[in-house]
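In the two assemblies presented below, subunit A is common to both, partnered first by subunit B and then by subunit C.
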Partner chain A sequence: MTALVAARAPLGRQLRSELRWILRRPRTVIGLASLCLVPILAGVGLWFATDGDGPAGPGLAAIIAGNGLVLPVFTLFLALPLLLPLVGAIWAADGLAGEAQHGTLRGLLLSPVGRIRLLAIKSFGVAIMSLVAVTLIAVVGVITGVVLFGGEGMLTLSGSTLSFGEGLGRIALTIALVTVQVWGVAAIAMAISACTEHPLVVMAATMAGVIVFAVLGLFSALDWLHPYLITSAWEGMIDVMRDPLPTEQLWRGTVVAGCYVLIGLSLAAMRLATKDN
Partner chain B sequence: MTTSTSARVGSAASAAGSTPVFAARTRGLRKVYGRTVAVDRVDLDVPEGAVLGMLGPNGSGKTTTIRMLLGLVRPTEGEVELLGKALPDGVAQALPHVGALVEGPGFHPFLTGRENLRRAAAFEPLLASGDIRQAVEDALERVGLAAAAHRRYRGYSLGMKQRLGLASALLVPRRLIVLDEPTNGLDPAGTREVRKVIADLHEAGSTVVVSSHLLSEIEATCTHVAVLHRGTVVAQGELAELLHSDSSSLLIVTPDVDDALSALRAGRISARPFAEGVRVELIGTTAPVVLETLVHAGVAVHEARRHRTGLEDLFARLTEAEESEHSLSAVDTIEEGTR
Partner chain C sequence: MDRRRVTVVAAAVGVVAGATGLGVLAMPAGAGPAPVLPDVSAEALVESVLNAKPAAFGGSVAVNNDLGIPALAGVPQLSDGASTVRMWSDGTGKVRVQLPGGDSERTFVDDGQTAWLWDSAAQTVVKKPHGSFEEHQPGLGDQQAAPTDPVTVSRQVVAAIQQYSDVTVDGTARVANRPAYELVLTPKPTEKTVLREVRIAVDSELRVPLRMAVLTNGTDAPAVQVGFSELNVGPQDASLFAFAPPAGAKVTEPDVEEPTADDKAAAEKALTEAKPQVIGEGWDVVVAARTPQEALADLAERQEQRAERGPQRGEGGDVDVAGLLKQLGKPVSGTWGSGTLITTRVGGVLVADDGRVVAGAVPEQVLLDAIGQVK
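Let's look at the complex of A and B:
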């Protein structure tokens, strides 16, 4: 018998194939299209609310009049507590549990794709798609905001006005910060996804986790726990709209989300390494 | 067909030398799920170049054994060697040369047959990126799916799904192909095509492991058989040899029935008359001895033939009366004989 050498398909080809597979899925297209509606609906809602006297609402909604660049930030913070974690969970669920359900995970392992490499490919797909989703919301938000509310610059919560370019910079920063938070949730979803063949279980468990974390964050008796909850950082992220930029909370929230990514992917790798398929 | 293929394998094995080479082998394989022992003490040998049929009733451990053979499932105990590489470490070396269809075809319903194969091909280590397109078309052609390749997998019939699964196993020339129930859901024409594919693979020198509950399927396509029952291998070896050693009587066609009977009885060989002559039980004697006795006694022997047992008889005996001491020892002797 001639000697066999370990062979691997090129990583780039695998990653491209993974992305093509995600984008070919009807639910991806429908999902992304629906996400585009979120800033439009929010914008239209706020536009009607600003018709009367007084502010359109608390927080960011109060400064939306004539301040269109706030809309993408407003929409992302609106979507962060539930909608974006759901989006991340769906992709993570389809990535492993969904493939297992269709029997296609077996095919990939037989190719063979190393199990750790498989997790890397899947995580790449989820990470890119989360970034795409967040960016898409922001871009549609910018367009909707400028069309509905106009705005040469960005009025911050601190009362100062940033130039249009600086405003876009703040929006880019928000995209990055929010995406990392979604990655944190999606990584945990990935760990659950490695344990089951039912995508619905992954989504339900992830969303239940997010809701429970949010509820735990309400009890002051659990103050000691709050720094470890990924959801606690989400409220503080409104800091991105202050001038000058207070970085402490934003930085801490990003580090916590980074820890969730590490923990989630480690758990997923441990499970995948020994899983029977 | 069976005899001709087994003869070819026999010559191939002798040409390879005295030490047989195995495409896959397992030793003391055991898998426990919770409290259920799915597979126990499985020592399976798949000689290189063989078409090995895995036979067994539902739940006999065929699929679990195959999944362990391919590194999909970790054995609780025991060892697996695939193309000479010990698993699980050798997976990256061995699996690129192995094509498999396990537990039914697995594809994405929203992609067409061609897109599904392209995705599978993207992960094949032995396929150069430039060759993917052609390899996919060839595989589709080979299983007769070219005309339906542009349709979504969702709309495929069971037989078409099965063909697509076969196509993905055939994307690259393989040294070993493992097919778990490949004819499931196929019509007679499809079954014949699968048989043809297996024969072609065998011709090209690939080793094939095919599991089936269809005995006629195994008998028609395989050179070797492994019979599983209750999670363990109760018999394995060359098909012809297994059937041969199972038949323990000789049918002798002769007009001189009475002379034959008395001659045999004088030689203390048990025999009884049957329609065209006598039937001799080969217990404590062999066919040449019987014939010599008859010829010496001047009995006209027109024809002497083994009473051939079909695979079905063998299978029924192995799986139904497996507990009895008699059949267990018979199995042991069969296995001794084939090693």
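Let's look at the complex of A and C:
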């Protein structure tokens, strides 16, 4: 047993190799490139909308004129209900179910790497890729927003204007908050991924879950259920655009997502530990 | 083999911990144990509230509304359900109030000279001189303004309240993490009101109301509860009380459009003909008025004309009052005539077809009796 531990590859090298493995896939690169189109399309659409009289739309779209730093936040909240859960589910589906489909998971399970460590490495890959996807949307959003709408500062929903630096801070906070929400969905997708060898099943089941949760969130008769739904926490995320920053709903949403991460990864670990080769 | 079992057990614990975490989050925040405070008599508590000095504070007010009235678009704080108001005050008249709603926000800032009202959904700013948004508070405010001894005045107020209500201090509570006394106003048994009691949590140190709940007959849950969920007493950041209209926003100064003498006369005529009168006393008070149909129509017509003259048509240009009433209430009739009755959990409004209106926190029958007395 001790000899086996000594023979383990260093953790850093394993994590690096997992990331290289994901990034070398052509579909990863194509997927990330198409995600960059989302803020550009949203920006151009809003740019045409602000031409007319009055606000460009409801919510954040209303304050976007001359206020380019709002665009990344707007785009992230636009992508959060469907697109970003899909992205998280794709990474998670590739991680375990994809490997199982190609027959490569068997080799990993037989190799002298603990199964918990295997799950940790796979989850790390999913987590980093989700962060990369969210950050990419935000960065392209900042550039598009500043080019199309200009941006000396960031006008908040409360009517006060933050300095450019503070605005970038709010965008960084949005990136962090949205990434944690994607992690919550992706962790559940990891649990499904550990149970099947069809990546499509993982994606379909995750998206179906997200849609069902969103529908359940619409019924006021199910008020008691809403605090348990990760999708209900997403509505309060718009607090990031208020000034002074109200933190209560943001903390609550982050802790809910944290609980989903714990549940998802524990289920995945349970399944992996009992999986026969 | 053993290791695998350990992993499964640890993972099961993880699932349970995650589910428990969600459960804990879903539970409403507990109020904590009631604080121990020195005894105070109800009279002394009311007097100290009436004489309390305004303090600088910042905080959030949670509004829980269960009145049973239809939703008003754009202002969730007045509709049924839970919502939040965030407010700051520096204690000398500078105020900031924010009404977050869905994905928009209204902000009101009074910086001492100018009052600003920002609406994020419409991207508009309304600018008015300091204090003009404040409504004139009748009754209590007038008495306090009179140069008399504040202690005497508050004794009079206490006596007036006690004539119709039992005032008691019902233990203590913790509101927004501050110790508070629970002051309870209960209508005397002879009163016919639909209200069961009004509970006011009074801060033990500052003697300002921290929470107010209105309870009605037959239910445990308050019909309205307004209270601080977060309160920081002390000097607030001065930048909170400053407001600069954002570059893209449309700023309007409604004072520029002074009502003409004709308009004023029409409004006054409507008001004098309406003859507001008060029927009953104490909790059973019913406010009655007569809105002359012609005067109302005349006023509405003038508004409409003005809206057409202006650059923008006013939103309230043509309101179908009768249609709106039919939507909100149910038709009733009696020896006094016929009309529409709108009931909420805290009272009702009865609008007769001939323009008579009565309103009060009383059961339906009292309203029906009152409308017959309207001259």
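Keep this in mind: the second predicted complex is superposed on the first by the 271 of 277 C-alpha atoms of A that agree within 3 Å, B and C clash if a C-alpha of one lies under 4 Å from a C-alpha of the other, contacts with A are read in each partner's own complex, and residues count from 1 in each chain.
Rule of thumb we're sticking to: contacts are C-beta pairs under 8 Å (C-beta built on N, C-alpha and C of every residue); 3 or more make two chains touch, one makes a residue touch a chain.
The structure presented is a predicted model; accordingly, all values stated were derived computationally and were not measured.
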Fit-or-clash call for subunit B and subunit C when the two complexes are aligned on subunit A: fit
Chain touching more of subunit A, residue-wise (subunit B, subunit C): C
Partner chain(s) touched by A:112 [first = subunit B, second = subunit C, both, neither]: first
Partner chain in contact with A:127 - subunit B first, subunit C second, else both or neither: neither
Partner chain in contact with A:76 - subunit B first, subunit C second, else both or neither: neither
Which superposed partner A:142 touches (first subunit B, second subunit C, both, neither): neither
Subunit B versus subunit C as contact partner of A:10, first or second or both or neither: first
Where the C-alpha centre of subunit A sits as vertex, the angle toward subunit B and subunit C in the overlay (nearest 10 degrees): 150
Which of subunit B and subunit C A:274 touches, first, second, both or neither: both
Which superposed partner A:26 touches (first subunit B, second subunit C, both, neither): first
First (subunit B), second (subunit C), both or neither touched by A:263: second
Minimum Cα separation, subunit C to subunit B, after superposition on A (Å): 5
Subunit B and subunit C contact sites that coincide on subunit A, given as residue numbers: 274
In the complex, subunit C residues that touch subunit A: 4, 7-8, 10-15, 17-19, 21-23, 25-26, 60, 86, 98, 100, 102-105, 107, 116, 118, 120-123, 125, 230, 240, 243-249
Residues of subunit A defined as touching subunit C within the complex: 54-55, 58-60, 62-63, 65-67, 115-116, 155, 157-161, 224, 227-228, 238-239, 242, 244, 246, 248, 252, 255-256, 258-263, 265-267, 269-270, 273-274
Of subunit A, residues touching subunit B in the complex: 1, 4-10, 13-14, 16-17, 20-21, 24-26, 102-114, 274, 276-277
Contact footprint of subunit A on subunit B as seen in their complex: 21, 48, 67, 70-74, 83-85, 90-98, 100, 102-111, 115, 118-120, 122-127, 129, 168
